[in-house]
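Here chain A shows up in two complexes: once beside chain B, once beside chain C.
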Partner chain A sequence: MSGAEAGHGLDRRTLLAAGGVLAAAGATGVASARVLPAAMVPLVGPGYRPVDADERGMWQQMARVEEEIAGSNLVVQDPALAKYMQGLIAKVGGPAAKDFRIYLVRIPDFNAVMFPTGFAVIFTGLLLRMRNEAQLTGVIAHEAAHFLRKHQIRQWRDTRTKTDLFAILAMGAGVAGGAAGINTGDLTQLGQFGTILSLLRYNRVLEAEADAMGVRLLAEAGYDPRAMAETWEQLIAEEKLSAKYRRKRRRRDISLFGTHPSPESRMADLRVSAAEVTRPGVFYDARRASYLAAIEKLRPTILDDQIKLNDPGASQYIVNTLAQDGWNGLLRFHEGEIYRLRNRVGDDIRAAQGYAAAVRYADAPADAWRWHGIMLSKAGRREEARAALTRYLAMAPNAPDAAFVRQMLVS
Partner chain B sequence: MRRLGFALLVSVALTGCVQTRQYADTQFAPPSGDYKLLVMRPDVSVGSVTTGGLVEARADWTESARAKLLTALRAQQATRGGNVLILDRRDSLPGVSAETIAELERLHGAVGNSIAVHKYLGDDLPTKRRKGLDWTLGQQAIALGQKSGMDYALFMHAEDSFASTGRVALQVLGIAGCLVGFCAPNIGGAGQFAYASLVDLRTGKVVWFNVLQTGSQVAGIKFGDIRTDKGAAEMVERLLGRMKPGREIRRAQRARS
Partner chain C sequence: MKSVRGLSAALAVLMLLPGCSSVGGGGFGISNYTLIRAKETSVGNGSLRVTPPREWNRQRGQLFVDIREVEDWTQNGPLLDGISFVTGLKGGSTLVRQTRRDDRQVPKFRSNMTAPEVTAMLESLFRVRLGTVDFRTLGLAPRPFLGQPGFQFDYEHLDSDEVWRRGRAVGATVDGRLYLILIDAARAHYYDATLSDFEAITASARKVR
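Here is the complex of A and B:
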């Protein structure tokens, strides 16, 4: 490329930035090029410690944050599960495999966060939605990539550079305008808007990087790299159903203002990237059994947390998605619970059917028998109700309402 | 702690000076004589103000400022007769678990937030009118006092920031602009902010609370530097030096004189 051409390209870009900001705001689907997994090399080595002053300052502040999170009573106390998740991040952690820490916190939301010093916080709501180890490891790989690519400090430096530039340009324009007798206020505001948009765009670029590197780390660890796209597919469908129940349209952020790329574009990019790193002829094990074993103790709690949000659309989608790998007593019971809490016309019958289906499985929780008994009793089937409630008491003799149920059985 | 700091920071007006605003329990008499003061993990952060006006934390500055502030605090309290024990980590107090300290810190964070909202941000509570400072950490604080044998606990937070070369240059440009009619003489950016909260461990009450803010609207002009011995002593003196007794105590003093 000749110098003149390069200069021309730059001019055009400047023109676009200055004049076309509002036009760009109207066009929501600003396409950005996909980040290639092969280009994503780790930027930190084992036992990484920051050297630069800005990064050292960031790390120092984070020490106290980590202490606060580690000591929070939201952290799930399950040493076996903690060890399991630590093992997963070690598999996809690249050179920093041994340096990561994971905290699982009891919040019924789909979310995970990586902090700049290499500790991740994973919400139980995310654990609930994962169908197998490959999907969970995919999310963890994405978070690990944030650390391996030094995203937080790069984000900070980008913000610093752009706000510096904006301050200098605004002041310079003001002084120049003052000398020439022009008020530059409007232009400065447009510039500020452009700076904010540019900061958000950088954030989306980093998210795309983490997706691309995550796919690669996942494949290298022997998991099916398509698991990450599956996760997004599930999330999109869940949001749609949740919105439909509330008679609303799914919230779609204008991508120009988003800190993350839209789920749709992430899913699309992840699919292409996954195809790129998939090795033909290799059998990928999703390791569903080991995942279920690891979360077995926690699953009733996190299912219950989700149902109690009273977001029937999302809850139903989650239960049905998990049931694609086979129904069981726990899932059937919660299916009944969703209807009982939704409480629309006919939902009492649907709930009763859910409880009745649940108790046919050996793993039905005690509460399934309790509600099954109550529903039977309401329907006037006294003998069957008695049998179900007796079973409930046998399974949960110390339940808070045990004395009350015993009294019911006597009278 | 950070959130509380932010709420208080919003409450103090941006003026080019040193200002403090303290509140005390009506029955508060400043500690004197042979008392034992427990300083709860002082939260210090020092940073540099970028050209664009953001504060970037600096680890080395923070560490030296923290050490200097603690030395200054010890010296200042000794003049009143106080014995100071500084809690460095949550688990450094023998016989008291890290969780107990963590819970007390969080409780103080919540109570302090309430003080910030209802005393400093102007949202007055009718139930607390004319009652001085009327907040308590309750039984947990009393239990800590009994276990540790300390009389008071001090929660302290301090921030300081310095304009970078770029910020100062920008300020110079802003002032130079006045000659051509574009005047930006006060872009500001650097300054100090601190608060201290004194809890009586015998009653559990927050007996005294003070907020300190120093700064100028002209980047490059400073009122102290807590990275130096002198600056640290200055901040401690401004924050804790002039503890006013509570209203009842002042009235009794006036009656006597």
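Here is the complex of A and C:
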């Protein structure tokens, strides 16, 4: 598929690989300066509708895709959170602010994609990794820029394989129309979603444009434009740690030249662009509190979704990154969970320590008490185990495993 | 493990195209299934025998994926329903083959695992290998199995093909090895349609060595 030539949206792998605009251009001697934020003017106005036949055809297809996505049971039903994100895209959406739609889907991976008709799909794994509103808004601004710069149709018109793309799109719509997805467990290959997402890859120049414009939109909305580079930095570090755990190099798939598309260079560009649009002396509020309030209900679930994937490198990085804003019972509990699932020699002790630390916080989840009790029980500390499990049952009397825990208490 | 049903199904399709002959399948044709008669039969590595109340289809194990302690059966195809057997998994082993380099791994079984740890291991198997995005425990209760103190685990999960599935696992650790029978089927219709078979099979299970 021709899409393999480019990075797309904000998939955590492809966005890293897509960073090589300058590096690649530099290597071939082709002059290609950083895209300047100031040059990034919107190409669409409010209520934009396509005029040309090819673009209109694309919009028709995409209307079907959006219908499928909107009705998917992977979409998180949380009206308050949906409203919150809608508010964010309204802030950084430029002239199309009122035209965007956002769908949050329950997939534990870092991904966000803007569709050509102005609706975005954001994965819960992305929300998990954002430390504050500025970071999330930065990602949304990047996605909004794809729409505002008409990247989808430009990419299609630009490519030699336009007919292929239309064929693929038709196929994508067909898949979205209800054929059964085959899951391989690879979250980037998710049934319908995977097929659709793979249609939406942008080349490196377009990604660089989205970065530059995103930074500008972010700054204009009153956020610290450096938040975007910070997000990238977190991603790169997470990838590295995850790979190191499994004793391999960081993934570098989807690199066009296979030489040096370095995410670092993309990050460096973002930093320079951010500096350019930063207003000196201005205090930027990252709006962490409002972000945490918005995802409060969802956070334990999406953290759990990540930890249970048993990717300890990535999970530890995420927990530690979130803990930079302060440890709490939830994070300590999941620190224990990472060790329990990793399950190497000695990890049972580390897990037990994690749970013991977690229950010292007032906000420790009921599950922290449960696992604390189970670990104490395995260590032969029966009285303490009994106390912890009793506490668990008091906190969660209707827990689905209450029958089992009660039996543990009597035996 | 049937939970790699996607992979099995994909491979099954691939097998049909080039007309590969099957090895150890049913007869001369191309088959990933063998018929299981409604009489006592040995499953997995042979250490467990069960008696199904009607005929079932045994799925051929996938090379490089399935281990010999695990066997999968299905009635209507692996995307719709299935019963899996774990027959004496040793401590330090995993329910499926995986390489050390896989980012996301199914946790190893340990002989001293409690039921909540075994069920958490199953949950990760679904999430890691099946692309399960939502997994809910419906119940965990004591239940004897193979004459030993064991557990019954009820759960449901939403997979990335957007289908809700429901399952029940009944298991016990015997002499440090995990024995378990698991039903996993589409929550709409197929779970209910297969549960009585599962219960009969579980009740009939006996360890032979």
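Going forward, the second predicted complex is superposed on the first by the 326 of 411 C-alpha atoms of A that agree within 3 Å, B and C clash if a C-alpha of one lies under 4 Å from a C-alpha of the other, contacts with A are read in each partner's own complex, and residues count from 1 in each chain.
Operating definition for what follows: a residue touches a chain if its C-beta (ideal position, glycine included) is under 8 Å from a C-beta of that chain, and two chains touch if they have at least 3 such contacts.
What you see is a predicted model, and the numbers here were worked out from it, not measured in a lab.
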Exercise for the section: Applying the touch criterion given at the start, work out whether A:Gly87 contacts chain B, chain C, both or neither, answering first, second, both or neither. Expected result: neither
Practice task
State whether A:Arg340 touches chain B only (first), chain C only (second), both chains, or neither.
Solution key: second
Handout entry: Which of chain B and chain C A:Gly45 touches, first, second, both or neither
Key = neither
Exercise for the section: Tell me which partner A:Asp401 touches in the superposition: chain B (first), chain C (second), both or neither. Expected result: second
Practice task
Specify the partner with more touching residues on chain A, choosing between chain B and chain C.
Solution key: C
Practice task
Applying the touch criterion given at the start, work out whether A:Leu74 contacts chain B, chain C, both or neither, answering first, second, both or neither.
Solution key: second
Exercise for the section: Residue by residue on chain A, keep only those touching chain B in one complex and chain C in the other, then list them. Expected result: 181
Exercise for the section: Provide the residue numbers of chain B that touch chain A in the complex, in ascending order. Expected result: 43, 45, 47, 50-54, 56-60, 62-63, 90, 98-99, 102, 166, 170, 173-174, 176-177, 180-182, 184
Problem - Residues of chain C touching chain A in the complex - result: 4, 6-7, 9-10, 79, 100-108, 110, 112, 114-117, 120, 123-124, 127-131, 133-142, 151, 154, 158-164
Problem - For the chain A and chain C complex, residues of the former touching the latter - result: 72-74, 106-108, 180-187, 190-193, 242-243, 246-248, 305, 308-311, 313-314, 340-343, 370-371, 374, 377-378, 400-401, 403-404, 407-408
Problem - Touching residues on chain A, where the partner in the complex is chain B - result: 53-54, 56-61, 64, 67, 71, 156, 159-160, 162-168, 171-172, 174-175, 177-179, 181
